[in-house]
Amino acid sequence: MSTVPTRVFASGSEAGRTAPAAAARRIARGGFAALRRTPPGLVLAWLVIATVVLWALAPGLFAGQNPVAGIAREKLLPPSAAHLLGTDALGRDLYARIVHGAVHSLSGAFVAVTVGLLAGTSLGLVAGARGGLVDLLVMRLVDTLLAIPTLLLSLTIIVLLGFGTVNAAIAVGLASVASFARLTRSEVVRVRGADYVEAAYGSGGTFWRVLWRHVLPNSLTSVIGLAALQFGTAILSISTLGFLGYGAPPPTPEWGLLIAEGRNYISRASWITTAPGIVVVLVVLSANRISRAFAGSPR
Amino acid sequence: MSAPLLAIDHLDVSYADGPDRRRVVHGISLDVAAGEVVALVGESGSGKTTLVQAVIGLLPEGGRIDGGAIRLAGTDIAGWSQRRLDALRGERISLIPQDPGSSLNPVKTIGAQVGEILRLHRRLGRAEIREASLDLLAQVGLSQPALRLGQYPHQLSGGMKQRVLIAIATALRPSLIIADEPTSALDVTVQKRILDLIDTLRRESGTALLLVTHDLGVAADRADRIVVLRDGSVQERGPAAAVLSAPRSAYTRQLLADIPSLAAPRLRPIPAPREGPPAVVVETLARDYPGAGRRPFRAVDGLSFTVAPGTTHAIVGESGSGKSTTIRAIVGLERPSAGRILVDGLDLATLRGDTLRAFRRRIQLVYQNPFSSLDPRQTIEAIVEEPLLNFEPVARAERARRVAEIVERVGLPSGLLRRRPAALSGGQRQRVAIARALVLEPKILILDEAVSALDVTVQAQILRLLDGMQAERGLTYLFVSHDLAVVRRIADTVTVLRDGRAVEQGTVEAVFERPRDPYTRDLIAAIPGQRLPAPRPVAAEA
Amino acid sequence: MVRRLLARIGQALVVLLAAFTASFLLLQALPADAILIKFMNPDLGLSPEQIAEIHAAYGAGMPLWSQYLHALGNFLTGDFGTSVQAGVPVRDSLAANLPATLTLAALGFLAAVILALAVSFLSNLTGFVWLRNSLAALPSLFVSVPVFWLGILLIQVFSFQLKLVPVIDPGPWERLILPVAALAVPISAPLAQILMRNIDAVLTQPFVAVARAKGASRHSVLWRHVVPNALLPTLTIAGVLFGELLAGAVVTETVFGLNGLGTLTQQAVANQDMAVLQAVVVISATAFVLINLAVDLLYPLLDPRIAEADAR
């Protein structure tokens, strides 16, 4: 064995100079290769999400027209240069409505994921790390929540909280607590059994230190993957609640509501439902693609 | 002269690697004559498995033959369609796979899986297939063949499963059998019996064998000719005796020197036992697990031994012998059901909470699998530094100094400190694990199959490192292994475990030279490489 | 074996009781006073006696635990209370609406299974890389499509543009074609995903290589070795799929204007009809628990490894 290290340590100064330089070259090469190897689909997914986030942050930059007040004589116009995606029954520019609607869907999804992630991860972490009776109780609670279909659970919570954008978001988030809790727990249990965790206890680590240094960071990767997936699911659920009329009230340009409003005109003005639907599909598809990248599966 | 049975001619094989192709077999040529045994020897990454997968036409997805020819009795089959190869596979070439545990379909009966090869190539009725399957199972030495036909794979032991797979591979008396590491997943005693069985069946039907192995000892015992591969190219080839006694390539010489064999000398002379109380005392240790039915399963039963400070004690046994349970009890990860353990004079049973944590400074464990024992998210520096953070505060600069020192001592380049385990080879990872164990300056190091997952050359490097550390720091080692040859090379005293009981104990010399227990004798006889010549040490130690 | 069976059934009962308790607390106990506040609104002009009567009708005067036991007893005997909105027993409106939804869900499930099997098998059998890749991408697309939008899109294309399915006065089966299609797409997605993942995982198993080495063809190995191993684990998501099916029914029935459990639920939410909502929640939780129980009990019969582990 000794040949390799002898060469490296033969002269300390030389090793000091060449090793980091070589490492830097390797890293630079690796970075370039990594970019070249990023699947085009993933790049596209990040682009879609970035665009929609920009819509939510600064809608005025992307769409000049008023999303709420329409011009009555310009109603139900097909897509044209003046109205990229046409107009709706009240003469409002559909493109402007979609761009301005991004903030409702995105912030809703953000709230939903935050609620689910915080509540679910804490429950799962406690259950997985503590085990015993706590684990048993938490997991039976999770079983119960999982037994009720998510949409029904969201609807039940909405009935209690009342209709509205924030309430719909909270309802969707609470309905996802069980999935987060279950995944976090199984990850924690998996990591807890790993050799490196045992080794950490074996080198004198205390329960909390090992939890913080090893169990938590190694459990979180797939939880973050689930959060990305849940982001897409939340956009779908929130638009569904909006469509059913339990989310944002009109004339908010929420995407689900846009589709609901266009329903009555599908024979005459199909673009009113088609365009927002495609936007929802693209955003959800992108969120799912990013989540798979976290999970590390190629498909 | 007629064409050889198998002639591989300048074969190139590559795998898709993102947008590029990575070549793993570089223009390899080799012949196998009818009835001959050729061993393909190489370490991981040598391309040996890829080569035989190409021969049988079953490269994994992304694999491709880029050039060269594979001639079976003179006919080039390299470009054949899968449909044409289907008629060939099983009938003329067959395969004995590496891992018997996952090589049988878990939801089909043994009968269905043995019968399948007959059904595919022969026009036979159900009764005839059953009859023939029974004969095959009897031929490979399975007891109660009629019962086995209706059983599922999980109801059979590893060795029995490999016998079923051998029955399948020899069913149609093919002219060539490819055996890809057929015994590396099995215990040594089982390993020998399986290799003997393949030999017998092969001889009877005049079948040629292409034996893929990482173990030069297995090759030495079984092969007529040996081909040594490294990084996808042939390093050396020739009749087994010639390759072993007069290797021409430097790599083969290194392999031969590093291979742990019974004939190899001990790394250093037996040290005089140091003064002082024993480092480890185990007295009538027993450990029960809740088992089937009402009776608990006793994994360790009345085990006793002592280890003198500064020496190496080996615990040897096959899978299920209770080795792991024993060492987990000694490091305090499990409580014994009965008996007493003294480590460095401390009775483990008296330790709780903080005293147990303090005790951990004295005794450290190195795990078998260097891929799972390092946290993939930490840098090497963080991994080695972590134990120092668990006890009384050490200043940051002092920690950095101690980490750098131990990392250098275990032979890792300092450039690796900021890398993560994924960037390291198996041998480098095991060095990191050793550095982590030693940074607390323990007195006792427990090595749980610590070199078993490594290639022989890397294994030899780690063994030399461990030996050097022991001489330098007066460490006591408890070395757990299934590999007697390695034990012979590093240990001073040894306990042979079987079914949780010590069947033999003593100095390595006594146990290996004059084994008293029949089981120990079996174990020693089963070690491959008895035909290896006594190696001359290579000038590797500078 | 028997002990494990009893433990498993016990666990199912605990989950059911918990689901009932939670829905009772959330939907009946907490909002009872909230509803009373609604009736106490002076605009309604109800006399104090009438309010007291309503109060009693809701059982709000009783202590919580006796309300709970009362409701539990009623549920066990199949009495789900009275719908505030429709003024009829919940049991009757459920009975009226259940068959339509069950038909829709069963057909949707059947279509989803066929779709998922077709997608996953074709993607593994086809020799064309482009076809394989596009088929493999389908499930990800399917999960990303909002059901209500898909329904509208289907009406738009098949009823208005292609005029294949009549909108006005369709036959009893014609009426179901588009809803079933809309429902099947999102249900097939997770099924196809899990199937494809399992098939891929099984294909890398050494026993597949061994079967090929015997001389079995790709197709033969797929049917005889891969499919039996890949299909088994899909059973475990049957319960989750049922929940999706029910949620899908709520949306599809609304989009296509069909009567059923979905429309009933939707109206219950719109009108805050707690009794109906609780009945729907408890019934769907029961179905979920029963399906999972059935899968758990059935699994050992199909997978010899698990049967063995149980017998020990």
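For clarity, chains are labelled A, B and C in written order, and residue numbers in each chain start from 1.
Note that contacts are C-beta pairs under 8 Å (C-beta built on N, C-alpha and C of every residue); 3 or more make two chains touch, one makes a residue touch a chain.
Computed from a predicted structure; not experimentally measured.
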Chain separated most widely from chain C, comparing mean CA positions: B
Pair exhibiting more inter-chain C-beta contacts, A-B or A-C: A-C
Between chain B and chain C, centroid-to-centroid distance (C-alpha), Å: 49
Chain A and chain B: spacing of chain centres that average the CA atoms, whole Å: 44
Computed distance of Cα centres, chain C from chain A, in Å: 24
Residues on chain B engaged by chain A in the complex (per definition of touch): 18-19, 331, 333, 357-358, 360-361, 364-365, 367, 369, 372-378, 386-387, 389-391, 408, 411-415, 418-419, 433, 436-437, 440, 458, 460-462, 464-465, 540-542
Of chain C, residues touching chain A in the complex: 11, 14-16, 18-19, 22-23, 26-27, 30-31, 136, 140-141, 143-149, 152-153, 155-156, 160, 196-197, 200, 240, 242-244, 246-247, 250-251, 254-255, 265-266, 269-270, 272, 274, 277, 280-281, 284-285, 288-289
Chain A residues touching chain C - in the complex, by the definition given at the top: 140-141, 143-144, 146-153, 155-156, 158-160, 232, 236, 239-240, 243-246, 256, 259-260, 262-263, 266-267, 270, 273-274, 276-277, 280-281, 284-285, 288-289, 292, 297, 299
Chain B-facing residues of chain C, complex: 204-207, 209-218, 220, 224-225, 228-229, 232, 302-305, 308, 312
Chain B residues touching chain C - in the complex, by the definition given at the top: 56, 58, 60, 82-83, 86-91, 93-95, 97-99, 102-108, 116-117, 120-121, 152, 154-155, 165, 168-169, 292
